[in-house]
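For reference, chains read A, B, C and D in written order, and residue numbers begin at 1 within each chain.
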Amino acid sequence: MKIHEYQAKELFKQAGIPVPEGEVVETPGAAYDAAKRIGKPVVVKAQVLVGGRGKAGGVKLAKDPDEAKEHASSILGMDIKGLKVDKVLVTEAVDIATEIYIGMIMDRSCQKPLVMASAEGGVEIEVVAKENPEAIMRLHVDPLFGVQPFQSRGLASKLNSDFNLVRQIAQIIEKLYTVYDRADASLAEINPLVITKDGRVVAIDAKVNIDDSALYRQKKLEELRDVSAEDPGEVKAREAGLSFVKLEGNVGCIVNGAGLAMATMDLIKTYGGEPANFLDIGGSSNPEKVIAALEIILRDPNVKSIFINIFGGITRCDDVAKGLVTAFKQMNLNLPVIVRLTGTNEDIAREILAELNLDTAATMDDGVKRAIELARS
Amino acid sequence: MSILIDEKTRVVVQGITGRDGSFHATQMMDYGTNVVAGVTPGKGGNLFADKVPIYDSVGEAVKEAQANTSVIYVRAPFAPDAICEAADAGIKLVVCISEGIPVRDMARVLPFIRERGCRLVGPNCPGVISPGAKVKVGILPASIFADGPVGVVSRSGTLTYEVVFQLSNQGLGQSTCLGIGGDQLIGTNFIDALTLFGEDPQTKAVVLIGEIGGTDEEEAASFIADKVDKPVVAFIAGQTAPPGKRMGHAGAIVSGGTGTAKEKIAAFEKVGVPVAKIPSEITGLVKKAAPNLSP
Amino acid sequence: MKIHEYQAKELFKQAGIPVPEGEVVETPGAAYDAAKRIGKPVVVKAQVLVGGRGKAGGVKLAKDPDEAKEHASSILGMDIKGLKVDKVLVTEAVDIATEIYIGMIMDRSCQKPLVMASAEGGVEIEVVAKENPEAIMRLHVDPLFGVQPFQSRGLASKLNSDFNLVRQIAQIIEKLYTVYDRADASLAEINPLVITKDGRVVAIDAKVNIDDSALYRQKKLEELRDVSAEDPGEVKAREAGLSFVKLEGNVGCIVNGAGLAMATMDLIKTYGGEPANFLDIGGSSNPEKVIAALEIILRDPNVKSIFINIFGGITRCDDVAKGLVTAFKQMNLNLPVIVRLTGTNEDIAREILAELNLDTAATMDDGVKRAIELARS
Amino acid sequence: MSILIDEKTRVVVQGITGRDGSFHATQMMDYGTNVVAGVTPGKGGNLFADKVPIYDSVGEAVKEAQANTSVIYVRAPFAPDAICEAADAGIKLVVCISEGIPVRDMARVLPFIRERGCRLVGPNCPGVISPGAKVKVGILPASIFADGPVGVVSRSGTLTYEVVFQLSNQGLGQSTCLGIGGDQLIGTNFIDALTLFGEDPQTKAVVLIGEIGGTDEEEAASFIADKVDKPVVAFIAGQTAPPGKRMGHAGAIVSGGTGTAKEKIAAFEKVGVPVAKIPSEITGLVKKAAPNLSP
């Protein structure tokens, strides 16, 4: 789960990481008031759950409240990578001397948290990683012992040579790790962490993603979820217990199992089509899930055909077929649907499905080809 | 022969009184697995299916029923503790089916169990099956498997069944099929599985089914180049997955520009491992890579 | 540092360990009011920082507010092992079905926290340990990973066979460990943990000692220190940075170093005397510390002579001698003092001390013998 | 010969710019110790006493000055981190003088450093001195020591000096004298020291100075019975200490009825280790136990 910059900064503040003064507002008038209260030049920043807002014009410096209002009115309502901006953060502008990058993720290979730091902040860390990998310092953390002061000091001293700043940076690294650990974060990032001209160290951006699997025990963080800033299909899928990702193509697909769902998407592409989505309905034969899945796919006007690809294992094909029949009887579908059911009891399943007059396919390959064909026609 | 499980496997089912645990305990027993005990704290003293003793703790299951392998069906919030309990009780192989365990928990659990000499398969995996020994530990649908020379290792569930179904239909039975799980942190990775298949005399060829996310496939490719003599055929799911989006599995995500299918496919091809473009090519590639296997 | 039962129960409550309702009061009238508010039979319990209050009559059951007042008036002001009772806890009496012991300490040999539990609660654990050691269950805890649920459940299931109670006990074990760990406790103990006749599990006593070395970071706990309930000499010694323990004898001693101080006490006993105290002034030659040490010893009317035993190592004997001279010049001592200085520059030291007309001794043995002699005369 | 430290010892002083650190760094160098570096974060780049380079981290001291032994004089709140830093930098022997480290910290530090193959002496100890090699690491007063055949190991500071003073005066020099520290959790215990003295050819007899608290002396007594061939003489301080009271040292406390001097003395006597009743008896007992040592 992603949270907004202003929400992540609140977590930082609670942990003692210095952040510039700021307020999140939803109208240009409120931006004016906020800038006035702050009483200094401010930055107006779009709050969207996607990267690249700077390039999209979603971050602007304002020297006074009037300009803040002006910028807010241009940014609010803006569309950034398909997401509408309905909140901006009005925040004190700081005099930047240096920019640093600090980020934490789980290193899957080492199976330990990894702190990454770079003296080149403010740029995308992926770009640094590709073009100048040795510019990134790495520290693996024992997940039980945490970041030790000697480690954060060691890392910080590679980012700066002034010991007063090293001490501040080291403390921020330790505190960011605390945020990362306590929030069950999958990512905690300050980019950039800024050294100001007057010798302070301040986090002027903040990014925290939460491990979805941990939300059951991170109730307070889950409350931060901004459903309006997410894809509506993904929101609906989550509520229905499905796994869904919207794509740009026209062949919708409903599959049981994540690996098979990915392979189905890939196959659509291989045979010259474009998948409209990833959708895993899991191992159940429950008609409710099928209905929810169809409804989610039908929201997308691009979709021209739907391929249902089920491998019946423990859940037998005949049970799945019965579920499909129930679901389809309740739906009024105007789109062509191709069903492929393979595995345990697939013959019985085909008989059951016959009553629906659906297109069926014997193999994934056949089903995919037919779905592409139908999407084109 | 097989890897990880065989006729000596004595299974304790953690969460045996739950919906999934009881269903799959029965399925495992029907297939031939020696399920010697179940564990549900507070339900100790009862019998499952009129014959399998239920205990309050894995410790008792080990002591009283000589369990040596555990399979876990408890819900995610309780699964990390279940894994630790099994390892602490001296269980040497734990198969964790449970999905949705927080990454933070697994980072703590893995060192704990390794200190105790315990191997974990999963979590969020379908388990392990050895058709020759008629033993399965997990949720794989037994009917599609056949005894034979192909080792299968995969991060996926149904995609694996799809591939196995084709293999079996084409006369290519399996020595052991192992689902290592779709999470970011897992107990047994491709290299571990390849090592075991390398040492297993029954296994003559290996099918490796990877997917986007992480670098386990890349590391496996290097390992194959250096250490694996048997033919390996690979498939990678998720070539069309957009970056930054989790594709169902917690571990199936391209982030920070790493973990793409393209890189993984390139890594295998670089070391001469044939990579199937689509699942239905896999069987043909296995027959080509290991012609003596053809039935 | 020891804290009172009512303070430890407050820590328990914060951690979610069930404790009976109660109030701490300082007058019989307040005890009456507290008992009335509780509205049930109560127990009136002396709050003193020493064990054995039950045997001393410091714990009494009262069926109504009048009886509570009566008991409070008999317990308040009572002397228990030299400590005056000035607070009582008035607490709900519970119907006890079973008593359990749970305690946590650091196992010095294993260098890990150790949870001890026994189905025989309410008795001294030391007695159980000696007479029936196998009745004590032990669980070593990884200090970073903490008590895991399977461990607490395993321990609890050895204390009771009803799973509903096992679950409650297991949670209390985990919570008590949290108290132990977060408070930097050297001991956290519930004795007894009671299973009530209506199936609840309640901590009816509570003992938490804090590691003195950790008080620098346990400011909130240090505020719980009840100076009035401690030996005044020990309070003064702590303030002066000295290590002091009052004993019952008549030969006072001031020594540099804890091991040497203990050996000096032992030597006094060996030669037929009785040490009045343990006192370690540490490695400094600072006259202030000597003055503080003398003042502490002089508070004790039993003391008849004082033996100052200093081994000069890095701190040279001549420096120590100068410190003694400064200190003695400021004090007006009516007691005989014997000084023994050995080590670096001891000859110069003896010359310096000559001006004070003090008794000096060449060895510990001689000094001790002389001090005993003077204490007798 | 000696144990733990010798001519190859290259010392880094952690906290070299502090009051105690700078004083004792000078004392160590005056005695002959090869102090190759100091560490005080933020003071790197300066020289101590015009010759010893100061670094910001132990890592640099190891890399730039080939330090292999560390001695720590920083205040208790910072000492656990200093110990971990030294171990993580590859230092194999850390002597921690700092007093007042919380027990909870040491319980976390000890596994961390052991994983890294590092030995800790202390904390809250006077350190180690090997008179024959003219090396000391710590705060022991060099002038009272003499080269010779007696190994001394003790939980105490000045009591050790008292005993060493008598030994030296009676012609019984020391191979190495080692203060293991007065805290509850320490890095090196009596058994460790006895093992090292057992292997050291110079050491012909050992004086062991224990005190109340814990069971380290009892465990040492069993160890001596099983594994130590050289004569050992013991002394235990705190026979008159009341239970439940901390006698200066954090570890010197009789609690829960264990750790009494009586039990410790009995444990030694049971295995034939002579126990001095008073400190001045020690020298005589050593001469009696190892008559060939008499000068």
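Observations
The working rule: contacts are C-beta pairs under 8 Å (C-beta built on N, C-alpha and C of every residue); 3 or more make two chains touch, one makes a residue touch a chain.
Because the structure is a prediction, the values reported are computed rather than measured.
The chain pair with the larger count of C-beta pairs in contact, out of A-B and B-C, is A-B.
The chain pair from A-B, B-C or C-D that repeats the A-D interface, sharing more than half of its contact pairs by residue number, is B-C. Taking the mean of the C-alpha atoms as each chain's centre, subunit B and subunit C sit 55 Å apart. Centres computed as Cα averages put subunit A at a distance of 28 Å from subunit B.
Averaged C-alpha coordinates put the centre of subunit B at 52 Å from the centre of subunit D.
Listed for subunit D are residues 108, each touching two or more other chains.
Annotation for subunit C: residues touching 2 or more other chains are 144-145. Judged by the touch criterion defined above, the protein chains form a pattern that is neither an open path, a ring nor a star, and not fully connected either. By the definition given earlier, chain contacts exist for A-B, A-C, A-D, B-C, C-D. Residue ranges on subunit D touching subunit C, taken from their complex, read 24, 27, 76-77, 100-104, 106-108, 110-111, 139-141, 143-144, 154-162, 165, 182, 184-185, 209, 211-216, 219, 235, 237-242, 245-252, 255-257, 261, 277-280.
Across the complex, subunit C is touched by residues 144-145 of subunit A.
Interface of subunit D with subunit A (complex): residues 41-42, 56-59, 78, 81-82, 84-85, 88, 108, 112. Taken in their complex, subunit C has these residues touching subunit B: 142, 145, 148-151, 153-154, 157, 163-164, 166-167.
Subunit A meets subunit B in the complex at residues 105-106, 108-109, 111-113, 125-126, 129-130, 143-144, 181, 184, 186, 211-214, 216-217, 243, 245, 247, 255-263, 265-270, 275, 278, 280, 283, 311-314, 342-344, 363-365.
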